[in-house]
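In the two complexes that follow, subunit A is the common piece, with subunit B as its partner first and subunit C second.
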Partner chain A sequence: MVRKSTVIAGLMLVIVFFWSTPFLWTLVASFRPDNSGGIHMASLLPDFVPTWANFAEAFESGDFAVYYVNTAIVAFGILAIQIVTISLAGYAFARLDFPGRDFIFYVFLLQLMLVPPILIVPNLRTVVDLGLYGSLLGVMLPYFASAFGTFLMRQTFRQIPRDFEEAAFIDGAKWWQVLWHVLLPMAKPGLIAFALVSLMAHWNEFLWPLMVLNEPSKQTLTIGLASFALGTEGGKEWGLLAAGTLLVMFPLLALFAVFQRQFVNSFMFSGLKG
Partner chain B sequence: MTSIATHAPLLSAVRRKRRTLRARLARRAWPYLLLAPSLLLLAAFTYLPIVRVVWDSLHDKVHGTTATLFVGLRNYSDLFADKAFVQSVVNNLVYAVGTVPLSMALALLFALALQRSGRINAVMRALLLFPSMVPLVAAASLFFFIFLPGVGLFDHYLGKLGIRGANWLGDPDVALWSLIGITVWKNAGYYMLFYLAGLQTLSSDVLEAATIDGANGWQRLRHVIVPLLAPTTAFVLVIALINVLTQVDHVIVLTKGGPSNSTKLVLYYIFEQAHENFAAGRAAAASVVSVSFLLAVSLFSLKTMERGAHAAS
Partner chain C sequence: MRWISSLAAAAVALTASSAIAQTKIDFFFPVPVDGKLAKEMTRLTKLYNDSQKDVAVTGVYTGSYDETKLKAQAATAAGKPPAVVLMSANFVLDLKISGDIVSLEPQLKADGTTRTKFLDDFWPAVHANAIVDGELYAVPYQNSTPLLYYNKEHFKEAGLDPEKPPQTWAELVDAAKKLTKADRYGIALPEGYDYMGWIMEALSMSNGGRYFNEEYGGEVYYDTPSMLGAAQFVEDLVFKHKVMQQGVVEGGAVSSNFLAGKASMMLLSTGSLSFVRDSMKMPYGVAFVPRNVRNAVPIGGGSLVMFKGLSEEQKAAGWKFAKWLSSTENLGAWSRFTGYFSPRKSAYDTAEMKDFMAKNPDAKVALDQLPYAKPWFATYQTVAVRKALEDEMQAVLNGKKKAPQAVKDAQQAADALMKPYVEQTALKLP
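Take a look at the complex of A and B:
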């Protein structure tokens, strides 16, 4: 008799295979030499000599280098400012006692739900009023504060015993020295968790930058890929599209490979994105 | 001279008092100063926009000027009179019913099947998680090809089985379900993570007790595991509902709301009104409707959220 767990394992293997076919196809198609859009484009079998031609063409025709730089500026720029704002606010909520603390904390929590995409219309007007329409700063500005990050840092700081700071305070350290030299190094797991979620969210974002940015030279990867996808529709250069998609996904998958455990933890903790 | 001698301590006492007062004031203000950058930004991009969008929804531009005119609820009556908006609400409901229960059920089943540690399970978990890590735009551009009639990945392999595929994105009766398929594919692995974490918190004693009492696999799932995972389910449900309302990247890339409005979701409608039709009042009214729904979900679940986050940490 076949054991039930074996059946389940076999079934899962089949399901996971089907689940992965879109990626499998991307990988195969992006290295397939013939990009004429023939009948074999859909084949998942790598029955060819792999070529870099699709990637080279994607880089030439798609300005991917510019998109990479812009996306990196946006994602890392947001993260850098966020680390400052969430550390300060997280510290205040975790360590200080002040009137209205719980109320303000709930005000923060509420923001977790009111995710920015729903407010694109008024936020776009704010960005226009500030003279930031069309600039990368305009894309970044609404994300400089993060309720989720504040929440995460508050939890992380709370888990650190107070003895360390008290010792530093007795030695005459200032609060910012304590925060920078004592608390932040100990909060590294929380920071990494937040950094992964934030980087991923803003690397992947599409609708908001699409509304704010107007010049080709300022576009991000997702916008570039979308216009790329719409552009190939007529030409049926599917190998090229697969290569372009892979170029957009690759940094994330690489990051995932390196930080797999933290990724899973932070992913789970977040629920909501950066 | 004596006057100086007698006044000196008094003066320094006043100074000291003033200094301690200032120090105390600084100490009082300090927490608020630390919160100020975050609060200002949250106010500017979350709370004020809500006020602004409510105000906008009650006003209309006077043609040819920058002046605005109070129009009461006319934007709302226009909005609900717009067939495209009503259709987008219906579509969004179908989209929610199609994506949320299915992706959550798959997530739970995946988690149950892959909860044991081990290298193969770890790889399979990672592969199921992959779709949730790539941009929705990237997923959409892959499915562009997958759904291609005739030569796409779907039709190619369905054809080998002798099945004729549908016009996945071009048929008004099918297109929304194709988008639902993409969303389930993309999110199930993500929700699986929460169930994996939830399963870890279940004590094995309870499951063993149920097994000893003669409960079979289905009974254990139905009467023990699912009820005990209720907080996780509530948490995932909130995330899934937010996703349903806030993610339309695939609509923009694949269908642009068509064919004949069959894939128009509410946020896409808002995007279209604001971005293409410049109907600010109507876009604002639609935003208010969406925000109210999100607020209702959030107020309802604030407690659950905190519980869920604790369970996951």
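Take a look at the complex of A and C:
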């Protein structure tokens, strides 16, 4: 007799293993000494003496210090502005009464249906007109407002019982004080969930930064990685590719490891007590 | 804050440039071989900027050829056209039809030269992809052809002469059969998008075909005996002779398999020569692409083009830079660094190049194949028309379709894609 929980745990382990194979392979391959794409390249087993050679080569192929700073400026810069805009917009759609509110909200949501590539040329034109072509601000600008974030915050605010705000209003608080002191602290789980999605998306974004940025000193991580990953006519240097990929994802991975509890909690305890 | 400071910087830059009349231009380049090339290209750009004061070039790495095209078109639409772009040589026709790139004839005229004189030093095989409607639109920069790579150790082991690589399709099949073992295939072809079309062009040309009409962008020859033979040959390698892996194998996997000894022969670009030379542990050889009817291979690689919407100063500056990049000396150095062959003949007369060829006899084979090279296919909607054939060939490789049906369907799809252009040109009658 095998206990049911053991079976479930076993099955979970199998699923976890399958889900993590790409990552495990990247990890193993990045430390594999022979990057000639030899017969063992596909193996998941670390049957070798680990080497930093691939990482050294990756660092040599790209200016990673610059890429990290630029990517951090873009991803966190976007997030900082987004938090302001989506909180205000979410509050307006959730709590304020104005004519055409629902209609405007649905029009807003329609943006989610647009495929980003069709906006490349119009957005680029705007960026050029504003004199921001080739700048990091130009990369960030189109994302300052977020339809998804606004939707998420509206839903989050609507779930918070009005009693809290009414109590604050009775005490003479203004709407922005209510938003800042009452609603935002309670909406933290929603904000954290959004932050995670937004950071991931902009950290990993490739096409739009490629369109806007020109100078090597302004490039972001994904473009740097692509410069040695996109070779089609040459052979694939898997070890180098794996090392470069790890370098790109490492900061996000570390961030997630540190804040793991908060992230998981944000999804699990988004309800209110009492 | 950041905005204000960048505005200030721009203002300073503007006044500075007007003071010494320096022309600022953008140069977009993809790196289809290796990341180290991006660094080398950046170094070259800096070298040029330091060598003179009139032009300041910003070298921009722009991903793959496809992304480079996308970025160059988007930037042009937004009013920031790049002065010089290193573009896949078979996008030139398409970009001319869509009106994105400009003729280089005015520049030739300003230099007091002609197209014929300018192209005189370039291998004849690269001319066709640089000229559209009788005008020069591109300067060939880095070029390649397919090449047969083979593992000499496997040849010996299978009782084949390692100094006598197969020259015909019959010899190729014969050798591949002897080379195939339980854990090894006799031959591998790159079958991902882009590469598949190029390899099919090589095979159909070796079979006497042309693939496309070099003079007119509205015709491809898919449903023809030469292409059918090539498609059937590929199908037979997998299903009849069983000497090639079933399913679609990408270029990167082909070279990995070859290096690992999992495939004894492969057709791959000469652009991979440096990589194979550096990475291959076992002795290998290179040879011409085997023929069925005649020796013929397509050209591949990239050319320098200029986009529309540039000021006269920028145009002149871009042309100056393009000429510098494609000088005998620079093309030779780039060829030795990358493994591409130099489109300029004179590059091979330099002492450095003679020295290099003596040390690397495999590069010599690639050069010897050049007289048999033909233009790279270029049509209206090149990429989509190419994919029409590639999708069908991939179905063949997966065992879902037979070659005769595949070439018929590919032709139909390609004709439908080119119809708008054909109706505006060849079928537009008085």
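What we mean here is this: the second predicted complex is superposed on the first by the 203 of 274 C-alpha atoms of A that agree within 3 Å, B and C clash if a C-alpha of one lies under 4 Å from a C-alpha of the other, contacts with A are read in each partner's own complex, and residues count from 1 in each chain.
We take it that contacts are C-beta pairs under 8 Å (C-beta built on N, C-alpha and C of every residue); 3 or more make two chains touch, one makes a residue touch a chain.
All of these numbers come straight from a predicted model, not from anything done at the bench.
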A:256 touches, of subunit B and subunit C: first, second, both or neither? first
Touched partner set for A:101, first subunit B, second subunit C, both or neither: first
Touched partner set for A:137, first subunit B, second subunit C, both or neither: second
First, second, both or neither for A:211, with subunit B first and subunit C second: both
Partner chain in contact with A:226 - subunit B first, subunit C second, else both or neither: both
Partner chain(s) touched by A:238 [first = subunit B, second = subunit C, both, neither]: both
Broader residue contact with subunit A after superposition on the shared chain, subunit B or subunit C: B
Which superposed partner A:124 touches (first subunit B, second subunit C, both, neither): both
Which of subunit B and subunit C A:7 touches, first, second, both or neither: neither
Overlap of subunit C and subunit B interfaces on subunit A (superposed complexes): 37, 39, 41, 120-121, 124-125, 206-207, 210-211, 226, 228-230, 233, 238
Contact set on subunit B toward subunit A in their complex: 28, 30-32, 34-35, 37-42, 44-50, 52-53, 56, 110, 113-114, 120, 124, 126-146, 151-153, 155-157, 185, 189-190, 193-194, 197, 217, 235, 238-239, 242, 245-249, 252-253, 267, 270-271, 274-275, 280, 283-284, 287, 290-291, 294-295, 297-298, 301-302, 305-306, 308-309, 312-313
Contact footprint of subunit A on subunit C as seen in their complex: 2-3, 6-7, 10, 26, 30-36, 38-39, 42, 58-64, 67, 70-71, 74-75, 77-80, 144, 192, 194-195, 251-253, 255-256, 259-262, 269, 271-272, 274-276, 279-281, 300, 339
Subunit A residues touching subunit B - in the complex, by the definition given at the top: 4, 8-9, 11-13, 15-16, 19-23, 25-26, 29, 37, 39, 41-44, 84-86, 88-89, 91-92, 96, 98, 101, 104, 106-126, 141-142, 144-147, 150-151, 155, 200, 203-207, 210-211, 221-222, 225-226, 228-230, 233, 238, 241-242, 244-245, 248-249, 252-253, 256, 260, 263-264, 267-269, 271-272
Footprint of subunit C on subunit A - complex, ascending: 36-39, 41, 61-62, 120-121, 124-125, 127-128, 131-133, 135-137, 206-207, 210-211, 213-216, 219, 223, 226-238, 240
